[in-house]
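Below you'll find a set of structures to go through.
Two complexes follow with subunit A in common, the first pairing it with subunit B and the second with subunit C.
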Partner chain A sequence: MNEYIPYLSELVYGAISGLPLFVPEIALVATFVIVILADLFLPGRKSSLTFWLCLAGIILSGILSFGQLSFLDQGVPLFHEHIVLDPLAVRFKLIFVAATLLFSLFIRSNRTLMEHKKGVGDLYLLLPAVLLGLNLMAMASSLLMIYVSVEMVSIASYLMVGYVSGANKQTEAAMKYALFGSVCSAVMLYGMSLLYGFTGTINITDESFLPGLSALPDSSVTLAVILTMVGIGFKLSFVPLHFWSPDVYEGAPTPVTAFLSTAPKVAGFAILIRFLGPFYSFASVSGRVVFDFDTILCVVAIITMIVGNFAAIWQNNIKRMLAYSSIGHTGFAMMALVAFSQAGFSSLIFYFAVYVIMNMAAFMLADRIETESGAETASAYKGLGRFFKLEMACFVIVLISLTGLPPTVGFVAKLLVFSSAFEQYAATKSVFFLLLLVTGAVTTVVSLFYYLKIPLNAYLRKAEGERELTVKPAFLTYVIALLSFLLVLLGVFPDVLA
Partner chain B sequence: MIPLSHFMLVSAALFCIGLYAVLSKRNAIMVLIGIEFMLNAAILNFVAFSRHDKFAASGQVFALFAIVLAAAAVAVALAIILNVYKYYKTIDPTEIDQLGD
Partner chain C sequence: MSILSLLIFLPLLAGLVILVLPASFQQRYKYVALAAVIVQMLLSAYIYINYNGNAFSGIDEESKYQLVEKLSWIRLDLGSLGQLQIDYFLGIDGLSMPFLVLTSLVMLVAILSSWEIKSNLKGYFALLLLLDTAVMGVFSALDFFLFYIFYELMLLPLYFLIGMWGGVRREYAAIKFFLYTLFGSVFMLLVIIGLYFSVVDPVTGNHTFNMVHMMNPANYVDGSIFNLAANQELFGIGARLLAFIVLFVAFAIKVPIVPLHTWLPDAHVEAPTPVSIILAGILLKIGGYGILRICVSIFPDAAIASTWWLGLIGVVSILYGALNALAQKDLKRLIAYSSVSHMGFVLLGIASVTSEGINGAMMQMISHGFLSSMLFFIVGIVYNRVHNREIPSFRGLALIMPKYTTFVMIAFFASLGLPGFSAFIAEAFSLIGAFNSESINGLIPRWMAVAGSLGILLGASYLLWTLQRMFFGQTRLMGGEDWKLKLTDINGRETLALTILAAMALLLGILPSLAFDKMNASVLELIRLVNSI
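Presenting the complex of A and B:
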């Protein structure tokens, strides 16, 4: 133990000097503690105090993160390089804050959650905790931080999915999610232990990490990297690891589904960028490719787009269809990743900011229509256009945006991703990139079939038997209208977001 | 001193046993035990490798974090399985299939 004493002051200094740049996360920890105490001593009937405290803490953390954008121009390693704070991470953090805020509003307007006998206080206190995990995912630069942050988000997600547990479907979804997730994270941990053994460091930005890997035979490196990618792939739900998502999305309460389909997925991309970064920079410095990510990512992206979009066609349940469509979106977003350039990352950020708005709005609409009319499937939407005038109009906008057609911002987002992938193709002339571009274009057309099924049923098909519904606009309707308006507004002025 | 390769062999064996249990067992608790095997294989690797690390600490610290997080995840999974039993009166994952097309 004595050999550590000379390093002790340096270690303590390293920890303390990182604190000023860690303020948004400290704010979240403080919110978490305050929310627990508030919910314990002043629970109230609807946990209103807990809700407002939680909202205030998250907004505060968002503002603090936003403030970091002004003075950061390059990556700052913190806490002995376990986390790296750079402008990219801050942009990801802002997307997470937006998703979490929408999620908390969504919980507030969901009847099943609000009327549950357990109350929603415990659900609110998960929000700052899961946001902390998401932020750490965006900043992680060591294997330890990757593992800890992925597990933080996973455990909170299991709890959210199983939170209501008022019906068979929810418990089933929660069990499938927890078992599949734990297996994936155990596999990832084994991969990490191999990476640590091969290189002698858990820090992926360390100067001995990649030279250590490049000295080993390809087969061992491939094994370790693929095992590690399993855990990240679970969060992203790309194709060999997507089995859980349709079941979980269908079974979980709709607000939770909306959250799971956005924030953790985006965070998975953030962590993938962090994990791949050293490999690409080592390849450009030394000219040695340790692991051929380009090909693997291309193939995975192509298969993910095909499986997600084609499986969505056969779905009747709206939430299940949106689950497959979000798998398709994962594949599409991976197109921006294979370029692995700053331009690719900024198009990815834009794509995800838009994706969060679209997907949240789509699930809010599905929830609104389900609570008012009980319609869960596309065929049950027949003739509903008459009753849900504003909702269905918004749904059309959201679906057009999800497809990626002008004048909505979905078009701009897809265009940016496409052009960044095309630049990569023009530079390398690789067959894989060409296939990727073709698949992206074809699956966008395919997606039109299942997205347009909803307005088709709602407006043009007649329901069997007459039914009357009186739909009063709720708070959620206005949130949806605002989000749909944003989608069109940003489609005309995309510079606002950038 | 036991050579490093022995530790790696034991941990690889543990990992495979765990994976086998996860894929073949028809009882959610047994699947959890399989997951525990896999986690402990990784933890054994970390501790064994940290013997040769320059600081001899990061692997052991990683092992501690992994143990704590594994315990948290198992606690949540067990609570969920208890709920599943309440509604289905079985914890065989293959029999619990109401979700789907």
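Presenting the complex of A and C:
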């Protein structure tokens, strides 16, 4: 212990000097504590106080993050380079805030969660915690931080998925998720320990990290990197680590599914960018490719797009279909990642901002229709267009946007991703990128096929037997309408989002 | 807001009005739509009269377009990819102006025939007007991004129009149509992106989606993928040739050409009459227009290299479509196949790259727009009355529906190319162009023209045979006396719609210069552009 004393002041100073740039996260920690206390002493009916406190804390943190955009123009390492704050991270953080806010509104409109005997207070207090984890994922720059932040999000997610588990299906989903998740993170930890052993540092931006790796035989590096990627891949749910997602998405309460399909997935991309960054910059400086991410990512992206989109065709359950579609979207977004340039990242950010809106809206719609009519499958949607006038019209807009057709913003997002991949192709002339583009185009057509099942059943087919439903617009309907309107508005004026 | 924007967004506005109007006004929706379309027609008539065909020939010079509107629209900063420069850029020349007039007239007829639609009127008229907006936008857009937006915007309304108000197999027809078209257009998107990164705006230096800039080889970045001199290859084929093929396929699906035509009989047959009218009258022309405006103008080198294939596809479509039409029992299906056949002349004319040929192709599109609308309207009249349109179910209709039969005869004779009607001029010009091509530029051989003219013969056979089977002889109907009562002669509204179309076909047949004068200069410019490569 005594040998640390000379370094103590430096360590403390390093920690304190990082605090001013860590305010949004501190706000979340404070919110977390306040929400626990509030929920403990003033639970109230429907945990309204908890809800509003939680909402206020998240919004405050969002505003603070937004403020950081104005003075940040490059990365600032904090806390002994365990985390890095740069404009990219802030943009990711804003997306997380948006996703979490929509999630909290969604929880409040969901009958299953609200009427559960446990109450929703505990779910609300998970929100600031999970958001903190997400933020750390966007900023992590050491192996330790990567692991801690991924685990933080995972554990919160396990709790959310199992929150109402009563029926077998939900319990199965929660169990599956927790087991699969812990195995993946154990594998990742193993990979990280290898990386640490090889290089003697846990900081991936450290000067000795990559030179250390490049000195080793390829096979050992490949093993360590792939093991580490398993943990990240679990969050992204790219093929072949996607098996958990359809079951979990189907079994979890719909708001949780909506959240899981957006924020942690986007955070997975953020962490992938962090993890790959040093490899790419080392390659460009020294001209030595330590690990061929280009090819691997291209192949994984192509397979993910194909598997996700084709598997979605056979789904009848709406949530399951959306789960596969979100796997397809993962593959598509990876197209922007393989470009690995600032332009690619801006396309990615744009894509995800749009993706969060569309996917949240899609699950909200699925939930809304399920609550009112009990329809969970595409075939049960028959003839529902007559009753859910506004909802179904919004659903069409959302699905068109998910397909990536104009005039919705999904098209602009798709165009940007295609552009960055095309630019990469023009620069490298690698046939992989061309295949990537072609796969992206073909799977778009495929995706239309299953997305159209919803309007097909809702409008084109008649319900068997007479049934009457009276649907009154709920709060969620207005949120959905707003989101759909936003999709069209941003489609015509995408400058607003950028 | 200038006149083109007004033309585009007026239907959208009317559609929104219909959406807002309460359901108690259900019976008035059609009048709102009709009013919008009449105003639109007056606007396009105004555009036609004031159009100066010679001074402003358009094609590859921005200053020669008329009614140009150019507003900066999207400016996204993409870091190292440069700035995304997308303009709201509209303008017309001789290639697009005739289609604006055609669209507004066909839309008018379509709305007139929408009286038969009885269910869910709000959705129907709103979607129809949205479709109108998209079509007008496609014909006026000069920015490729804007063009693509309007182009894709057509799909969704059509999907619902066919799928919700269509016939028995409407689901299948609607999804088939959607997937076919989307398949073509997604790959078109990739080419658009490639073009975007290859072309720069000579003024600002940004990459641009401006179609007019794309037509000038000097605007291409050195070494970029579609640069003419760079001779880049993709999958072992020249990049420009591949891009031409991709774009051609996208538009050819719309035209449609054999063997990419199979969506058409299904979609046309299952769609309700007004939608069939729009499909045949306008949407097929978007394919032909796209080939001229985009494929040929932006990739003239590849177009020249592929003329033989274009001509062949044209001839095959003419003959195959006609032979299929001969074999049909369903009147609507027969007319759908006759569309395939007639659109083949468009391709043959374009492939000749002669002034006669391309003028003929343009004329054929306009003429077919009027005539096929008329034919589908005619089918709609019978189907609406007795819900049957099998040719063998009817005989001797002339005796009970004399006025109707008169219009049928006009439509049939005009379609088979009787001199005095527009189709004669159009087909004659396309064939002359195809015939002369061998001696003028040597692009397509004479036998193609000869084979194409066989198509006219086949056309005469299936139309006359149908006329004989359905309308002549003693009245014998499958439904007996009941049908006889239902098959009343046409009413005032139907007469009006048919008269407009017949008058246009006759007018253009007698005074073809009404169209040629307006578009000839642009066609010559296009030929100059193609030959300058």
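By definition in this document, the second predicted complex is superposed on the first by the 497 of 498 C-alpha atoms of A that agree within 3 Å, B and C clash if a C-alpha of one lies under 4 Å from a C-alpha of the other, contacts with A are read in each partner's own complex, and residues count from 1 in each chain.
Here is the rule we use: contacts are C-beta pairs under 8 Å (C-beta built on N, C-alpha and C of every residue); 3 or more make two chains touch, one makes a residue touch a chain.
This is a predicted model, so every value here is computed, not measured.
A.B. asks: May I ask you to decide whether A:L194 touches subunit B, subunit C, both, or neither, giving the answer as first, second, both or neither?
C.D. replies: first
A.B. asks: In the overlaid three-chain picture, which partner chain does A:D247 touch, first (subunit B) or second (subunit C), both, or neither?
C.D. replies: The answer is first: A:D247 touches subunit B but not subunit C.
A.B. asks: Name the contact category of A:L460: first (subunit B only), second (subunit C only), both, or neither.
C.D. replies: Second partner only, subunit C.
A.B. asks: Thinking of the overlay built on chain A, is A:G75 touched by subunit B (first), by subunit C (second), by both, or by neither?
C.D. replies: neither
A.B. asks: Applying the document's definition of touch, where does A:P87 land relative to subunit B and subunit C: first, second, both, or neither?
C.D. replies: Neither: A:P87 stays clear of subunit B and subunit C.
A.B. asks: Let me test your reading of the model: by the given contact rule, A:P43 touches which partner, first (subunit B), second (subunit C), both or neither?
C.D. replies: A:P43 contacts neither subunit B nor subunit C.
A.B. asks: Thinking of the overlay built on chain A, is A:G162 touched by subunit B (first), by subunit C (second), by both, or by neither?
C.D. replies: So A:G162 only meets subunit B here.
A.B. asks: Would you check which partner chain A:G14 touches, where first means subunit B only, second means subunit C only, and both and neither mean what they say?
C.D. replies: Neither: A:G14 stays clear of subunit B and subunit C.
A.B. asks: Does the superposition put A:V183 against subunit B (first), subunit C (second), both, or neither?
C.D. replies: So A:V183 only meets subunit B here.
A.B. asks: Shared contact residues on subunit A, subunit B side and subunit C side combined as an intersection?
C.D. replies: none
A.B. asks: Show me the residue ranges of subunit B that touch subunit A in the complex, using the header's touch definition.
C.D. replies: 8, 11, 15, 18, 22, 28, 31-32, 35, 38-39, 41-43, 45-46, 48-49, 52-54, 58-59, 61-62, 65-66, 69, 72-74, 76-77, 79-81, 83-84, 86-88, 93, 96-101
A.B. asks: Mind listing the subunit C positions that touch subunit A in their complex?
C.D. replies: Counting only subunit C, the residues touching subunit A are 74-81, 148-149, 152-153, 155-156, 159-160, 163-164, 170-171, 174-175, 178-179, 182-183, 186-187, 189-190, 193-194, 196-197, 224-225, 234-235.
A.B. asks: Taking the touch rule as given, give the residues of subunit A at its contact with subunit B in the complex, in rising order.
C.D. replies: So the residues of subunit A touching subunit B come out as 143-144, 147-148, 151, 154-155, 158-159, 162, 165, 167-169, 171-176, 178-179, 181-183, 185-187, 189-190, 192-194, 196-197, 200-202, 246-247, 250-251, 314-317, 320.
A.B. asks: Contact residues on subunit A for subunit C in the complex?
C.D. replies: Subunit A reaches subunit C through residues 341-343, 346-347, 396, 400, 405-407, 411, 414-416, 418-420, 422-423, 426, 434, 437-438, 441-442, 444-445, 448-449, 452, 455-456, 459-461, 493-495, 498.
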